[in-house]
Amino acid sequence: MSKIEDEIRGIAKKLLEEGKVKYFTGYAKGPDSFRARPIIIDDPKDVDKLIWSPCCVNNLGVYLVDEMKKKPKRGEEPDTRPVGIVTKACDARGITVLHQENILPKERVYVIGIPCRGMADPEKLEKHARKKGLGHDAIYNMDIKEEKMMFTGEAEGVKVAFPREEVLLDKCKECVHHNPREYDIVIGKRIENPHVDKYATIRELEDMSLEEREKFWEMIFERCIRCNACKEVCPMCYCEECTVEKAKPMRWCSKSADKSNNEFFHLIRAMHLVGRCIDCGECERVCPMAIPLRKLYRKMAKEAEKLYSYEAGLNPEEDPVFATFRVDDDDEFE
Amino acid sequence: MSTENLYKPHLATITEIREEATGERGIKTFKVRINDDEVRKNFKHIPGQCAMLSVFGVGESIFGISSPPTWKDFLEFTIMRVGNVTSALHMMNVGDVIGIRGPYGNGFPMDEFKGKNCIFIGAGVGIAPLRSVYQYVLSPEHRKEFGDVLLIYGARTPADLAYKEEFEEIDKRDDVDLQMCIDWKFGPEGMIDEDAAKGWPKIKMSCPAETEIPEGCNHWTCFVPQLVEVAAPSPENAVALTCGPPIAIKFVVQNLEKLGFSDDQVYTTLENRMKCGIGKCGRCNIGEIYVCKDGPVFTREQIKKMFQEF
Amino acid sequence: MDDMIIKKDKLPKWSSELSDYKIFAPHREDDVVIFKEMKNVNKVVLHYANSVMPPKEIFFPQTQELFKYEKSPEMKVSEAELPLEKVLLFGVRPCDARSFLIMDKLFYWDYEDHLYKQARDNTVIIGLTCTSPHHNCFCTSVGGKPYSNEGLDVLMTDLGDRYYVEVLTEKGEDVIRKPDELFSKPTDKDRKERGEIWEKAESEVTKNVEVEGVHDKLGELFESKYWDEKSRTCVGCGICSFLCPTCHCFDITDEDCGNCGRRIRTWDTCMIPEYTVHASGYNPRPGKKNRLKNRVFHKFRYFPDRFDAIACVGCGRCISKCPVGIDIVETLEEVKEVEEVEE
Amino acid sequence: MPEYEPKILAFLCNWCSYAGADLAGVSRFQYPPNVRIVRVMCSGRISPRFVLKSFQEGADGVLIAGCHPGDCHYSKGNYYTRRRLTVLGKLLEHVGVDPRRFKVKWISASEGGKFADVIKEMTENVKGLGPQRSFKRVDDDE
């Protein structure tokens, strides 16, 4: 058990016991050893279910949006106590965006920020474990102390280990914000932010010709089944009614899952995430059809940074990138 | 091999539109004639059944057929403006073409009602599906097959009452007891004053049964459930058919129970969001019951056995 | 027809004999295995735990045209194109094959769905024994087997360098082309080997749940607080139902382009509020708990009540792909354990 | 076969660019007839949906024109437009749409000549590119 895990439990226990939070959102052991899963607890007795491991990939911010949408029952005084939540650096930036957009008042959330070196990709983990003959419950030790994230498991009595580089989520390899900025309490030591190419995922695409890119995306957009999971897991997709689902007064985007409508959906979503996507990578992780959504959103983030020196979720006082302008903004339209 | 396209509607033309009530949630009655002669002839429905109406380009919705099968050559639908399709229908004109498919659902078991006294209790737009039944019962061909008929109908204000002319006709008949009411309190802008509801005496809300009934009066100011208490139909050899907003139904049923009606004597209709109408698309289920196929007509007894999710 | 053996290197030849069929087979695209029309036999992958998308889309496509309409010069409605070509569905896992029988019940009861039926009738299904089940597979708990032949026309079992081929139906006989040249008779050794592989596969399905009693227990749990608790972390994404081989709900919408358009049906999911909301704004299943509950109830109580079959084949997709780790097997186990406290 | 004639959809702001187009007409500047004009009150009205929908419904090119920065009738509408559409342009390029199919131009009420030139240039360019297919709806039978 890691020290961070102990601290999370301690804090959660205290918060719940003192009634300072309405409930506490964190991570629990998942259905197999490749994955952790979210848990929401009300009872201080349950804090032992909370864990902290390199498998805590979910962005729990999505539940905050749920919370804000809840309407109190008629005649009932709404419980406006904050919600306790465990956040990695990226998730915390998501909460900052929600503050910025007046979706979530600061006093409604109690953020436990954790500096994070990156999380393990459950699929990679599974693949590597399989390759090394490890079963789905054979990984018993996930060490995230200090620099190394080591996974150790046992296959037929022999210890097998594989290092973090093999299993890290792609988005974590490109992350340059390891430390949460906005939080009520922080657990763990500050981590030096690495110098990596944060837009590495789109470099290859940028080097392609127009035709090659068109071809690349064509196959991908055709594959989408429009299950909408990408927008349901996204904490930034909080609209009551999504523009692509709206039927009144007209339907902008047909429900038909053909290339044209799928592309419409994904590009509109990309536009709506400009300066808002904090690259938690949840959409890409959950997509059953392996659509490289980050390759769209990272491009948008890059442009926002290049053109308007704006990066999502860094400063809650700043106006969102499309809600403001400078007279001397780049102008290609003269 | 079945090659019939179950989802393809037949074309039908709107031949008449009557405005029943105005306002944001206005009610209109559409008289619809199926274009194809063969299809029209074969479209036979049971009172209480439904049909899918299409406005091409907008979508499709299911509606109770509000005309009885005894009216040949056309169908009527009384429709309140609430959603996409109903709004589009309300904007249509006489001569416009819509799509229709059906009839769907179980309808009322008319054979079981034969020889029995029939009590119809409709609240608001809930009168629409009942109309297909009482008009069937009151039709010259079938009137003799049924016993006494009591018709109770209420709406918010006199202006909200549908089928006004028809009720005037029914009122003149002596083989049916018609009782109507308007909500005693609410006009569209709140309280209505006495003058606006002239000729609609108030029923004592605390104890409706004690209200003195002036000779020949059958217009009241009260809620439908209270009117049921006043009219106090006997449960003996009777069936009660009720339809309306859930809250009205709830109290109507309570009052019927007080009068001694058993659960299998009380029929009501359920509704749910539907897309296909033929038990495929999945959304209209209450437990293992598909409302579109097994309903919309259920007895109180059946409803009590369901998972309470409607 | 008697059982047969086909050498793996004869597969391309066999497939070329079947040019009158449109062949759908599992392909790997990026990291996902999906059923696609086969253009090149070398691109087919047969070593996979299970395809991400079940092959239900062959019979019940994500998007299907119901009819076309034209508003001018006069209103006209014209038939949708029927899926008429002969289809060969190759490499289907036994669990997915069983799902077709479950879908049949729904699409054939009372009114027959002509689009589904047409596609179904035109299709020959060749199954492939599941030799390395995934750790989330639990087919044996819901009446399946990794080598079940239910719903299949042909079942093949991988014996290393060759396949053991069982022809199960008349439709299946039609795809056995050039039997003398391409196929041979199985030996006792082949049979024994197949038996061993079957046994091994079955023993590898380790996830299991006793579904006996779940139906009745669910009946007691309709109002249970358990569902509030269970659905708390559900994000309502709908992946579980989109990837489910037996989920069959659909939405019908119009795709309008001014003077003409078409009506389409598209997959829908009971996990979103829009699924049941009435035009009036009232929603009989307003919360996540109602929706999650409905899904479990539908699979293990409503569907069995109506059609006498559990609407789950134990493919494990909803477990593997749930973003928040909701596990149907675990849910069922919990359901059996829940004790209702009277209040 | 007749020569391919592209369809170009132009969204023009009411106060400047539409007047500019009008001036082009009144002044009898020649420009190709391939353009269909939709008048909007401000270029700030343009949502990325409009552009994508136009491509979906069969436009081969989309032009958006508004007042020069600083001249907006609503004082700052076009500043927002500038940010939004600049990024949209990058996105379209990222998914392989040729930037010559999607143009934004500032055209004032007095720039009838500029309007004609922009249309001429764009029509030429799009003609060279051929029909836009990647976005088009499949069921279009034309």
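Remarks
Which chain is which? They are A, B, C and D, in the order written, and residues in each are numbered from 1.
Keep this in mind: a residue touches a chain if its C-beta (ideal position, glycine included) is under 8 Å from a C-beta of that chain, and two chains touch if they have at least 3 such contacts.
Because the structure is predicted, anything quoted here is derived from the model rather than measured.
Compare each chain's C-alpha centroid with the centroid of every protein C-alpha atom shown, and the nearest one belongs to C. Of the two chain pairs examined here, A-C and B-C, the one linked by more C-beta pairs in contact is B-C. With centres set at the average Cα position, the gap from chain B to chain D is 53 Å.
Mean C-alpha positions place chain A and chain C at a centre distance of 30 Å. Centroids of chain B and chain C (each the mean of its C-alpha atoms) stand 41 Å apart.
For chain B, the set of residues touching two or more other chains reads 59, 84. In chain A, the residues touching two or more other chains are 247, 258.
Multi-chain contact residues, meaning those touching two or more other chains, occur in chain C at positions 251, 253, 255-256. Per the touch definition, chain C reaches chain B in the complex via residues 66-67, 69, 71, 74-75, 77, 79-80, 82, 106-107, 109-115, 117-118, 121, 222, 248-254, 256, 261, 263, 265, 268, 270, 275-280, 284-285, 290, 294, 297-298, 301-303, 305-306.
The residues of chain A lying in touch with chain D in their complex are 202, 205-206, 210-218, 243, 252, 258-261, 263-264, 267-268, 270-271, 274, 296, 299-300, 303-304, 307-308, 321-322, 325, 327, 329-334. On the chain C side of its complex with chain A, the touching residues are 29-32, 34, 52-53, 62-63, 135-136, 232-233, 235-239, 242-243, 251, 253, 255-256, 264, 266-267, 269, 272, 274, 319, 321, 323-327, 330. Interface of chain D with chain A (complex): residues 48-49, 52-53, 56, 69-70, 76, 79-80, 82-98, 104-106, 134-138.
By the touch criterion stated above, chain A contacts chain C in their complex at residues 30-32, 35-40, 58, 62-63, 123, 135-136, 219-220, 223, 225-229, 232-233, 245, 247, 251, 254-258, 282, 285-286, 288-290, 292.
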